[in-house]
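Take this structure, written in structure tokens, and hold onto it; I'll ask about it next.
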């Protein structure tokens, strides 16, 4: 194929794609209010992590003499960056374009964004207090943890909880889209999927964490421990959008431990205070307080795999 | 240890490593045809995402007046970048070195790469149509979804499906290595492992997704919903390379829902149209159409954990 | 709100945050010995991957004529970078500040760091030999693998095993913190969580891998295969720090295969040589050699979902 042919083929490709964009409105964001910038949101999360755990991430050498200066610099940087993204989300939520919309409406969005960010920052000290409890719970709960430093510096569960606590504050301030972008970023890093709407109590510990799913209307009390692969989910997701806004996910009361792979479903399911849910248990009804729930283990079958007499060794089958 | 000693020790280390590289051929790529560049492939995926969902990712402000220009710019950029990688993979597949090989053979690789990329681009509009169905399925299927924008912008399941649909096209065009690099990139981001060889129907929805595994010879019909931790796998992976090329993974017919943690194994296993597979169900045989399959739940045991009389409170055991 | 008010509010925010940092010592690293730099550690892992599998990652075109030069350049680069981080971790472990501490103590840390890095590099050739066995095991074990190149270039299990084998060497050399940072980086990329303390035998294969957890005191023999979602865990993590240092995780002898979702718990649990553990099996006691263990599958219930007479079609419930 010569150069001209190739050029023509490329033009046809572009035309077909443009046509496809116009024809399939569900997959384009055309002539619409801007979306936030995911990279900026990710940077905000990184800076907020530095504010939540000062001296652990970013520049080393935090000391009394530079503490105020560093916190001030971080605060101003993340304030401005977060303001941009919150403003974008507020405009998106109200469908007010930033460039050629109604000046009063734009002004109202800007004001709302300022208020939201100020209120969010006022919540950071209380969130730090919650995180201090989570750090201690992670150390106390894991014999492999060598220090609380290690849990702050390395543990994915703590990262996922930190991001969710921050996203939850933005969700309470009714910022659209942004909270979910934050928790999905943490989900991508950790394999832990906590919806920003979930309510988490004090001293929450998630160990290992890969595969954990905690749904939008879950309520979790204080001193709760959860292991990898635990689902706190909805009983009937097949109803889809019909269930929007209803409490669909369980309530976990104080001092509950849920071991790896357990599944607890349903908006009316309550796991009573002090209960322990065994590994792989599947629960769709409430558990009274102070119970230890385990599944009657399915009888295990053992079969000798060694060859007998002149029978050849059997190949494995997944079983 | 003085400087000289240290220098000598370093030289010894280098010599030992060079020796190790020469002695263990399975772990080096020495004097062989170049591999593709993973970073470039990752950039291609990012640009293709912008073409699949224009206006959602990358530069904001997509409007009628700049649509054709932007799609054109994106297309040319990803065309050239993908061409480089496809050419690399084609040469790798045929073991034709790019620098000092047979000129005719190199030319043939270049031509094949051009053909592949042109055919791939011709498939992008149909893939966009498929993705529009996936977007709608994600919104309809999840009461926590606030808008289709949110599913496009945040949902890991949709990202994994998009990457697999694109990789599957390159696999059909017989490009070696590249498709798997793409799906493993998505696997890393989402915890969802869909082999590029799997055939996915219309309106496919994966919710949460962490831990989902969909094997190479799986066939999935239209309107299928899958939750986190579902495995569509092989019955006897222990046979290893003996099974290469055989259909080893199940067929899921239209309108099937498979809840979290279910495992469906085997190349002859067919889940009939309209069936629902319950959470954690383990299936190795076919299910007739329109069945709801659940596991007889193992009897749960409840034990009161409160201290009685002067008996001390029992410590938890994982159960 | 005017500019001045806004400025005052920001000052108040900074003051409150500084106050919060001072008040909650568990969440700050203030006036303390520096922590290592996570980004540098991640770069070290990337460079070490190039040394483990030369020619696969980084610059292409590795050939006899440039082999020694490239290995030398890589070695020197990673040596210096790793030295910085090891020194940081050694100082951190001994709580010796780098700037104004006791000169002899600082010198001792530097010397220890040099020794550690030299010993670590002397272990790289043996680790490469182990990895060659892992590569072959991955290819042999997966009919979807097209070549050993593909397993090196794409398979997350091999990446997780490589990082753990390297981290394990640093753990044996008693470097604090660094080994866990490395394995948590791999965990984030792959969903595979192998504690650096675990002892892995030759020819280890993890397929798919998302959700795999292998605890600190696990011992794994040669020729072991593990699938996604497998937990090798502790029986009673609720004892927390009381169990520190004890063997809490199982021993897996040679030639064992453990299928997806199986859970094996307890420090005294031994899976005997040649055994096969079926998918989703939950085991807390030892299995003698050459046994195939499967769970008596829970009876499946089938219910026809089609409407009968004038009964409306039933909506799905998760089951």
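The letters A, B and C name the chains in turn, as written, and every chain counts its residues from 1.
The working rule: contacts are C-beta pairs under 8 Å (C-beta built on N, C-alpha and C of every residue); 3 or more make two chains touch, one makes a residue touch a chain.
Note that the coordinates shown come from a computational prediction; the quantities given were computed from them, not determined experimentally.
These two copies of the sequence, chain B and chain C, are related by a rotation of 120 degrees on CA atoms, to the nearest 5. Residue numbering at the chain A/chain B interface overlaps only partly, since under half of the positions present are found in both copies.
The geometric centre of chain A is 21 Å away from that of chain B, both derived from CA atoms. Annotation for chain A: residues 191, 210-211, 229, 233-234, 237-239, 257, 261, 265, 276, 279-280, 297-298, 316, 318 touch two or more other chains.
Residues 1, 6, 9-10, 13-14, 16-22, 24, 26-32, 34-35, 37-38, 176-177, 180-181, 184, 187-188, 191, 193, 195, 197, 210-211, 213, 215-216, 229, 231, 233-234, 237-246, 248, 257, 259, 261, 263, 265, 274-276, 278-283, 287-288, 290-298, 315-318 of chain C touch chain A in their complex. Chain contact summary for the complex, chain A toward chain C: residues 51-57, 60-64, 67-68, 71-72, 75-76, 79, 114, 118, 121-122, 124-125, 128-129, 131-132, 135-136, 139-146, 148-150, 152-156, 189-191, 207-208, 210-211, 225, 227-229, 233-239, 257, 260-261, 265, 276, 279-280, 284, 297-306, 316, 318-319.
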